[in-house]
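Input: structures, listed below.
You will see subunit A twice below: alongside subunit B first, and alongside subunit C after that.
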Partner chain A sequence: MPIHEQSLIRPENIKTHDKLEIDGIDVSGHWSTFIESRVVTDYNEALEDEIAALPGGEYIHRCWQCGSCTNSCTVNAVNPDFNPRYWIYLIRTGMESELLRDKDIIWQCISCNKCTYACPRDVEPEGVMKATAHWLEKKGHTPKSPSIIFDELFAEQVIARGKIEESSIIRQFFKRTGQPLMQDWLVAMARGLLMKLPVGLMRRMGLAVLFRPRTSGWSKARAALEEYVEECEREQRRALGLGDGKPE
Partner chain B sequence: MSEDRKYDRVAYYPGCALEGTGHAYNRSTKAVGKALDLKLDEVKNWNCCGAMEVKNIDPKIQTYLSSRVMSIAANEMGHDVVMAPCNGCYHNLKKAEYDLAHDDGSKEVVDRLSTKAGHETYEAGQVETIHALDWIKDGIGEDGLKAKVKNSLQGIKIANYYGCMYTRPRHIFPEKDKGPGSDSTSEPHFMDDLLAAAGAENVDFPLKTACCGGAHTLSDSDISTKLVLNILEAAEAAGADVIATECPTCHTGLEMHQIRAEKRLGRKTTVKILYFTQLLGMALGLSARKVGVQENISDSRGFLKEKGLA
Partner chain C sequence: MTEPVLVVGGGPAGLAAAQALSGVGRKAVLVEKEDRLGGAPILSGYAKLVPTGEWARDAIGGMVGRVEGEAAIDIRTGCTVKEFAGEPGAFTATLSDGATVEAGAAILCTGFTHFDSVNKPEWGFGTFPDVVTTTQVEQMISSERGVRCPSDGRKPKRVAILLCVGSRDRQIGREWCSKICCTVSANIAMEIREELPDCHVYIYYMDIRTFGLYETTYYWRSQEEFKVKYIKARIAEVTSDGERLIVKGEDTLVKRPITIPFDLVVHAIGMDPNVDNLLLSSIFDIELEPHGNIARQSAYGGMGRTSRPGVYVAGAATGPETIDDSIAQANAAAIAALSAAYSTAGKAA
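Then we have the complex of A and B:
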C-alpha cells in the first residue's frame, strides 16, 4: 500500500545535514539525504465507518484503488491536489491527519458524476466526496463551505414553499457568504439583459420576486419534510458520536 | 409506426428554472410542441425536484420531491409519460425511479412522507420519464421533422452540448446504450440528429458531456469559469458558430461565465449559445421572438439575422 508514502518525501520530511558523522562515516550534504522516519500512531479506526454512515458514503468499502475516479475527475484536471482515490485510501486506512491536510478543497467536487460513471466497483465516489465534506464540517474541522451554504439555502426554500425563486436564492447566498452583489461580471450581465428585455417580461420577472412561486397545499408536505430533516440530522450526529444525537 | 406516436400527449414538467432564468427554454419547448402537434399537459401544482442541491442535505428528500411530481402525473392526471426538458429535473426523476425500484429504504421514506403529505405514493413503473430530446426524436422523428422544416438551418455550424446530467450516472438510464434507436451515454447524438434533420452542420465537438461546473456556478465561480471557458474555446476551435444546449443550468452557466471569463481572465469568446428548441423552432418557421431569443443573456440576434433566421 504505497500511496500515502508520498507524504514521506514532502520537503519538511527530507533532511540533509551540513556536518554529520555516523560511526565514523561522513554523511553530510546532498548525497546523503535522509528521509525522516515516521511512526503513525494516530489511526482513526472509526473513520471509514463514520464516512459510510453519512449519505453518499455507503459504498466506500468496495474500493480497490484502481484510480478510475481520479483519472476521470473534472476538478482534478483543474487542481491536481483534488484526488478522490487518495482520499478514499486515507479514509479506509484511518489516516485522518493526512486527510485533514486537504480539508479545504474536498467540498469542491462539482457532482459531474464522471467518477461514478467510470468506477468499476460502484463505489459512487461522488457521494463519498459529499459525505467526506459533510464529515469535515460536522466534526468541526472546516467551516461551512460556500457549497453547503448554497445547498442549505436552496433546501430551506424548497421545503418551505415547494418551489424556488432563483433571484432570491442568489441574493441570500451572496449575503450569507459576505460577498457584494455588485460584482463586475454580474453587473455586465444584468446590463446586457436590461438592454433588450421587453417590458412585459420585466414585469413578469418583477412579479415573481414580489409573489414568490409556491406549490399550493404544501403545508403538510412541509411539516413531513421538516420532521424528516430533523430525524436525519439526529441519526447522523449519533453515527458520528456527537452528543446524544439531539440537534445543536 | 404506431410506436412512433406514443408521445402525442404527455405530462409536462417544466421545473423551477424554466420559470426563471430558463424561461426561453420553456417558451421554445412549448412553441416547438405546438408546431409539431405534440400536446403537453403541465403537471398540476408541481414542486421542485430538488435540483443538484437537496440531495446534499439528504438524497431521500430529493427522491420524495421527484416522486411527488410523478405521482401527480400518474395518479391525478392519468399520464404514463412525463417529459422534463431540464437535465436536472430529468435526471432526478430518473434517479427517483431507479431508487424506488431498487432500494427499500428509499421506498419506505417516500411512502411515509407521501402519506403524511396527504397524497398517493408513487410506485416505480407508473410513468416513463423522458427528456425533450426523446420527446421530439421518438415522438416525431427526423423524417417527420424534416417534412416540417420551413427555414433550414443550413450554413449554421453547431457544437452540441449535452452536459452531465443527461448521461451520468449510467445506471439510472436503462434505456440508453441499447444500440441503434437509443441514445448513448458516452457519445450522445439525439440533439445532433435533430439539428442535422433541420439542416444544420454539426461540428465534431469533443466536450459534449464535459461538465460546466453548474453545481458550483456561484459557490466556486473560479472553477466554473475555467470549465466553461474550456467548453467555449473547444467549440470555437471546432469551428462552431453556436453551442446548442438542452439544460437551463448549463445554458445559463455558459452565458454567465462567458461574460465572467472575459471580465476576470481577459479571454473573450464570441460563440453564440442557444437552446436546441430555439434552433428547431426557428427552423420550423417560428420567429426569434416566439422562441425567446431576446430572453437569452448571450445576444445572438445579429448573428441570426445574418443567417436569415430572425
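Then we have the complex of A and C:
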C-alpha cells in the first residue's frame, strides 16, 4: 500500500523558498519547504440535497461516519483512496472541491453491496456511490461511464420494444464505447454456445436478431414509460439546478 | 385500596417498588420468574457498579436482603403470572403454580434481556473463545478470578472493547442506544488496567455516550488516569491468525484501514426488550412502544402508567435504563399506584 499521508500533500501547496530568514536564522532551500494548509472557505450547502435527489442517494442524510461501508468495501481493499465514508462526509458537509479531487475513481464501485449489509443506519452506501457517479456526469465533471452507457442502452431497448435482444445490446455497447466487436471472450462464448445449445433455441436467437420482436400492444406502455422517464429527468435537472428542467 | 400490590419482577426496580410499598404499610406480592431475587446485576454477576463503585452483590444484594426481611412482602420466586383480570382496586392474578392473588394494582418491573452476540456473527462471538461480552468480563471480575483469555487462561496483553454491539443497528432491527454500555465499558476498561497494568485497552466507538456526570468520572478518567485508548472506528470483522484475534476496520480519523491483533475482544452488549414482552402485553392487556418495550402513557404526570388503568411499569421494562433510574421509576410507580387508590377510595367514601 502506498504511504497514505503522502496522498494528503498536494503539489500545489508545497512551497520552497530559495532565500528565507526567520528570526535571523537562514532557512533557505530545503529547510524552508512548507506545506500550506488546506483551508475550507465555503460549504456548498446544496450538495447533499442534490445527491439525495438522484436514485440511490435518498438515505445519505442518515450517515454517522462509523466507517462500516469503507471497511467492508471490496474496492477499498485494493485502493485505499476509494473511501465511501469519506465521500459521504464531503457531500454532507458540502466540500465539493474536495469531492471533485476523487472524481475519477468514484465510479469504480462494483456494486457488490457489502456495505449495504454492513451499514447500521441503512444509508445504502452503494446507492450513494451510484448517485454520486451520476451527479458527476450530469454536472459535466466526468464522461459517461461504461456501466451508465450499458444501463442506458438496456433501458432504451426495453422502453422501445418491451423486450431486450442481447446481441444488439452488446453490439451497440461496443460501438458507443469505441470497442472492437471481435473480442476474444466473446468469440469463445459464441463458439461455446454453438456447440452446446439446442438447435431450436439457436434458431429463435437468430430470428430475434433479424426481426427484432416487440411485446404486442407495447405502444401504450412505451408512451407511459417515456413520460415517466422524462418526468424523472426533469425532476433531477431541476434538483441539480441544471438548465430549464427539460431533458438533455 | 386494602388489597396488596402485585409487583412482577425482582430486579432493582421490583425490589425498590416492593420496599416502597411496605415502607408505607402496604402489602406487596413480589413475583419473580427466576429462583432468586436481584435481577440482572445479581443473576448475571455484575462486578462494581456505575456510578458508586460498590459491588453489585453488596448494593443489590443488600436490597434483596432488606426485601426478604419484610413481613409485608410476600415473595414468590420461580413463578410467573398466567392470567390477570379485573378492575383497578380489584384485580385477580393467577400464577404459574396455580395460586391466585388478589391485588389492588400491579407494577411491572420485568426488565430487559441481554443482547445475544451470536446475532452479529462477523464479530466472532461463538466462533472464537476469546471473544466475550461485557457480562462475561463482569463475571470474571466479580468471581475474583480476574480477566483472563477463556481459551488458555492467560492474562491478556491487548484488549479491544467494541461498543454498540446489538444497539444502534438497523441491520438487526435495534434502533436504540442502550444508554449504559459506554459507561460500563469505560468502567470495565479501568478495572482491567487496574488488575493488569501491562495490558493495553482499546475502545472502538462510533460516539461516546458517557452521559451527564459520567463524562469526567468515566470517560475522562479512563483516558487521563488509566490511559485507555479510544479509536473512532466501527469494526468490520474479528478473525484469527491461529494465535491471536485479528480486528479489522477503518480508523476513520486518519482515514486508514486497520488490522490489529488482540488477545481478548469484548462486546459491549446492549439491552434488548425483555423476550417475554409480547406475552406480558397479552396477559396484562397493555401496549408496547414501537421498539418492543412496555409503553408508558406519560413522561411527566402519573409516572409509570401503562395503557391499562391500575397497571404500572418501571425500570428497564420501559427501555434501556440505569439501576438508579430504575429504582427512582419504581418509587414513582409505587406512589402513582397508591395515590390512584387513595383518590378512588376518597370518592367512594
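As a convention for this text, the second predicted complex is superposed on the first by the 196 of 248 C-alpha atoms of A that agree within 3 Å, B and C clash if a C-alpha of one lies under 4 Å from a C-alpha of the other, contacts with A are read in each partner's own complex, and residues count from 1 in each chain.
Here is the rule we go by: a residue touches a chain if its C-beta (ideal position, glycine included) is under 8 Å from a C-beta of that chain, and two chains touch if they have at least 3 such contacts.
Quick caveat: nothing in here was measured; it's all calculated off a predicted structure.
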Report clash or fit for the pair subunit B and subunit C bound to subunit A in the combined superposed model. fit
With both complexes overlaid on chain A, does A:Ser72 touch subunit B (first), subunit C (second), both or neither? second
Using the superposition on chain A described above, determine whether A:Asp151 touches subunit B (first), subunit C (second), both, or neither. first
For the overlaid complexes, name the partner, subunit B or subunit C, with more touching residues on subunit A. B
Pick one for A:Ile14: touches subunit B only (first), subunit C only (second), both, or neither. neither
Applying the document's definition of touch, where does A:Tyr117 land relative to subunit B and subunit C: first, second, both, or neither? both
Using C-alpha centres only, what angle sits at subunit A with arms pointing to subunit B and subunit C? Round to the nearest 10 degrees. 70
When the two structures are overlaid on chain A, which partner does A:Val40 contact: first (subunit B), second (subunit C), both, or neither? neither
I'd like to know which partner A:Leu181 touches here: subunit B for first, subunit C for second, both or neither. neither
A:Lys163 contacts which: subunit B (first), subunit C (second), both, neither? first
Look at A:Tyr86 in the shared chain and tell me whether it touches subunit B only, subunit C only, both, or neither; answer first, second, both or neither. second
Between subunit B and subunit C, once the two complexes are placed on the common chain, what is the minimum CA to CA distance in Å? 8
I'd like to check the shared interface: which positions of subunit A are touched by both subunit B and subunit C across the two complexes? 117
Under the stated contact criterion, what part of subunit C meets subunit A in this complex? 122, 164, 168-171, 206-207, 232-236, 248-252, 254-257
The answer for subunit B against subunit A in the complex is residues 16-17, 19-21, 23, 45-48, 50-61, 64-65, 68, 109, 112-113, 116-118, 164-165, 167-170, 185, 210-211, 213-216, 218-220, 223-224, 226-227, 255-256, 259-260, 263-264, 294-295, 297, 299, 301
Along subunit A, where are the residues that touch subunit C in the complex? 4, 64-68, 70-72, 76-77, 80, 83, 85-86, 117-122
Could you pull out which subunit A residues touch subunit B in their complex? 55-56, 74-75, 78-79, 108, 110-114, 116-117, 124, 127, 130, 134, 145-152, 154-155, 158-159, 162-167, 170, 173-174, 177, 184-185, 188-189, 192-193, 196-198, 201, 208, 213, 215-218, 220-221, 223-225, 227-229, 232
